[in-house]
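Two complexes follow with chain A in common, the first pairing it with chain B and the second with chain C.
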Partner chain A sequence: MAANFFEIMERLDRRWIYLTVFVALSIPFFIPIPLRIEVMPECKDLHERIEEIKQQNEKDPDNAKIVLISISWSANVQAECWPQHEAIAEHCLQIGVPFAAFSFISPEGPQFGEYVLDSIKRRWEGIKDEDFNSDDEELREKLAPLKRRYDRMGKNWREIQYGVEYVNWGYKYMDLAALMTMISDLYGIFPEDYKGAPLQDFPMMKQVKGFVDCALIVEITGSGTLLTWVMYVTPQSGSDLAFACTGVMAPEAYPYFKSKQIIGLLSGMDGAAQYEKLVGIKARGRKGMESQNLAHLWVILMVILGNLSFLYKRKKDRDDSKK
Partner chain B sequence: MWRRIFISILTFVAGLYFFFEYVMPRESGLTDIMPEIGPRVIIIGVTAIFLGMINLTRMHLHKVVRRRPGWYNSLACIIAIYVMFLLTVLQYFFPKTAWVIHTYDTFFQYVRIPLDATIFSLLAYYIASAAYRAFRIKSVEATVMLAVALFVMLGQIPMGQAITRWLPETGYLSWFRLENIKLWIMDVPNSAATRGILFGGMIGTLAMSLRLWLSLERGSFFDAEV
Partner chain C sequence: MADQVQPTADPPDARRARVRTAELAVTGVLAAFITIYIVVRIARADDTSQRMLMLQYGLAAVCTLAIFSFLYRENPIYRFFEHVLVGLATGYFVGIEVVNVIIPNWWNKMVGAKGAPAEWSWIIFPIIGLLWYFQLFRNPRWNWYSRIPIFFFMGYGASLAYKGFFNLMFGEKGQVMDTFRAVLPFTAVGAWDLINNLIYVAIALLVLSYFFFSFKHETNPLLRRSAASGRYLMMIAFGSIFGTTVMGRMSLLIDRLYFLYHTWLGLPG
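On to the complex of A and B.
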């Protein structure tokens, strides 16, 4: 019986593997799986840094700094990068740290930046003002991070004020020289935002000359852009750098996190889910983790089964050769 | 011949500027010229993209006209390039025209994004199949790699982390929690290996950059007329 099973496993058609992975990925769409997300230090550090920027801006409003999100991702990696982007943008909006977004790799980046904000707005539409002061303690606790925005902005908390809270610089093809120009002269490269409005006219951009006025740059990417920032830009601009990347790219980034050249690291969907937990939302990251969780478990099981059948075959071959 | 010499000199001088800009102190004034250079480099890049578009069109048009095998794929490529190009241009000039916005959004959201995401998502299936077929404990090294991979995968997912959740969150025993084992693997052995690879890669990049800078690199078009 077991022998038959291992022989079948050894000869298993790959289409069965595809089918079972598909099933594993699909189950959480129908049956939600409650997961406890553990927040790792690399995620916590990024969260704390944005909180610090808020405090610094409050202490010294004349010298307020912004967070810059570099959208170096596109549709192909949106499963991992979108939730990272959404969680960081949500955090900035919750606590009132102005942030800008731009892209130098992905022409579609600015558009995705807008889609992410639309997604945040849609989620907020499902929350009633009364919920913030609800009798339900669990609900109040869940909405506590967002309540900071409600407390600050009152009834208009759902409106994202373009130019005050957020600006989309747009996309420009550029290489190193242009990127380095932006360290001190942003407007030489981006005189207008992505809709053609003069960038310098926006209230949050008044004090921004270039990367030097970005307290934190968050590179969200599925490409190898980390070195560009680490080697050329942030040492000159003095900005902190955080890296949010696809899961497969994270191992490359860890040495820079260890050396503190990047102050925070979000690795794939797991990183996004951790950040979502910190900002009290359950969006694409935590929902997606349910599918990823099952798929990972399934792959682990397949690897174990594959090895058992391999060992069985090897033993059988040895026994046969002895005969 | 003269054109090649001219390009070599231009490459050398441009490289010289970037080299000195990086190594010289700020007082040298070289960094102050950077804002003048950046926008010009963008023009070169955009021209290259435009040239690429022309080149793609020529290549695929040639296939379509000559009815080469798979010519219909080339036709689809040409149509895709120019429809999106046209819509983007239209959207720039008529940003408030409803049908332009609607058509662009339809193509972008319901064609471009799903296609791109689908192609990339197929990787998950290939990786699962490859892991099943190739991740075998054929040697000691392969066994170590498999064990490390299992620890990292289990440490990455909440259901994996749940296996060791009974261990305390602080103190020595917490080191054995799967998420902490994963973190240690990523932080220490992985960082060491990545650094080693990066150093090797960077030395190679340096050598290659020098060759390019000094126009010593004999690429595909070395003997072609430029």
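On to the complex of A and C.
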């Protein structure tokens, strides 16, 4: 019986594996699987840093700092970078830390920045004002992070105030020299936002002269841009740097987190799911991780069965050759 | 010539023919279903912008499914869409380079756009840039000209790299500086830090020993063992990278499924 099974496994067409992985990934889209997500220190540190910026801005509003999101991603890595971007933007909007977005390697970056905000707005449309003070304790607890925005802004909490809460600088192709110019002279490189409006006229940009006034730079990327920031920009600007990257890049980024050259690290969809948990949302990251987990379990099972089949075949071949 | 044996054609394989017919039938049914679905979604849209959006989703879904068809096997539909992707990407980025780089950063400055004074000296830059193409000449007499832009880039890159590399490795939080960790009990902050630091330093030394070639590994028992340990430790690191690669590839598929199920088909979930 077992012998037959291993022989079938040995001969199994790989397309059956593809099909089963496809099914395993699809199931959680329709049947949610409860998943416990552990938040790692590298994710928690980033969250705490943004909370600190909020407190610093409240203490010293005349010297308010912003968070800068560098959108170095596009369609090819949106599976991992979109949820990261969405979770971080949601956090800034919840607590009222102004943030800017720009791109220096991805021409589509600014457009994706807008799509992400549209996605946040769509999610907010599904939440009623009365839900924040609902009798349902579970719902209240779920909405607690977002309630901070509701408490601050009242009925207009769904409107994202462009220029006050958020500005999109746009895309500009630039080499290292231009990026380093932006440390102290932002407007020499980006005089206008992505729609062509003068950048300096926006309220949240009044105190921003360059990267030096960005308390935190979050590089969201699927490309090898980390060293550009670590080697050249942040040592001079004094800004903290957080790195949100695709899963495959994360192992190489950990040494920089350990040495505190980056203060936070989000690794792929998993990092995004952790951050979503911290900001109390269930968007693409957490939904995706349900599929991810089921598929991983399936792949592990397939690897074990494949290896057992291989060992069985090897033993059988040896036995046959002895005869 | 007459003795040459002509290769005989494969005997007709009935099973293969049946599979081929079934493949064509499934492809036809799927294509018909997708086309009808896209047309219905477009027809039921409220206004022109919604109709365009539905068309956009439909095309994206067709492209996605066509590329996924490679998982079954290499086929002309996959090939066609692969070429479409490569062609579009190339065309798109050429357009981006012209509109976002060449025109604003060079042309406008040279001809003096938006009332700014013209700077005709900027003509020199594309000339220097074009010298790269002298690499194509095999004759050293012409090939030599390509070295002019190369020395600009080398000098610029080297000067920037020096400072950057120093920051990266020997700055306050540099990688080399961070490797010097407290491993003695009275210097470490706590027991866990001490254990962590010992593991960190031990791994660093073991892995470095693998790349230490001043002595023969075979004849030096200490180096042989430490190098072997270093190799295993590196394999653990590569395994971790491979694991995250699998996770990344799954994420890409999840994103496409998210699009197909929720955005395109509009299924709840």
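The rule we apply is simple: the second predicted complex is superposed on the first by the 323 of 323 C-alpha atoms of A that agree within 3 Å, B and C clash if a C-alpha of one lies under 4 Å from a C-alpha of the other, contacts with A are read in each partner's own complex, and residues count from 1 in each chain.
Following the convention adopted for this analysis, a residue touches a chain if its C-beta (ideal position, glycine included) is under 8 Å from a C-beta of that chain, and two chains touch if they have at least 3 such contacts.
Not measured: the values here are computed from a predicted model.
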Three-chain arrangement built on chain A, chain B and chain C clash or fit: clash
Per-residue contact with chain A, leading partner among chain C and chain B: B
Partner chain(s) touched by A:Val230 [first = chain B, second = chain C, both, neither]: second
Partner chain in contact with A:Asn307 - chain B first, chain C second, else both or neither: first
Which of chain B and chain C A:Lys195 touches, first, second, both or neither: first
Contacts of A:Tyr173 with chain B and chain C, given as first, second, both or neither: both
Partner chain(s) touched by A:Asp185 [first = chain B, second = chain C, both, neither]: first
Partner chain(s) touched by A:Val23 [first = chain B, second = chain C, both, neither]: neither
Which superposed partner A:Trp298 touches (first chain B, second chain C, both, neither): first
Partner chain(s) touched by A:Gln261 [first = chain B, second = chain C, both, neither]: second
Touched partner set for A:Leu35, first chain B, second chain C, both or neither: first
On chain A, positions contacted by chain B and by chain C: 18, 21-22, 25, 78-79, 172-173, 176, 247, 250-252, 255, 258, 270, 292, 295-296, 299
List of chain B residues in touch with chain A within their complex: 18, 34-35, 37-39, 41-42, 45-46, 49, 95, 108, 112-117, 119-121, 124-125, 127-129, 131-133, 135-138, 146, 149-150, 153-154, 156-162, 165, 179, 183, 186-187, 190-191, 194-195, 198
Touching residues on chain A, where the partner in the complex is chain C: 15, 18, 21-22, 25-26, 29-30, 78-80, 82, 107, 171-173, 176, 227, 230-232, 235, 246-248, 250-252, 255-256, 258-261, 267-270, 284, 287-288, 291-292, 295-296, 299
Chain C residues within the chain A interface of the complex: 71-72, 93, 96-97, 100-101, 105, 160, 163-165, 167-168, 171, 173-175, 177-178, 237, 240-241, 244-248, 250-258, 261-262, 267, 269
Chain B-facing residues of chain A, complex: 12, 14, 17-18, 21-22, 25, 35-38, 40-41, 74-79, 108, 111, 172-185, 188-189, 195-196, 247, 250-252, 254-255, 258, 270, 289, 292-300, 302-303, 305-307, 310-311
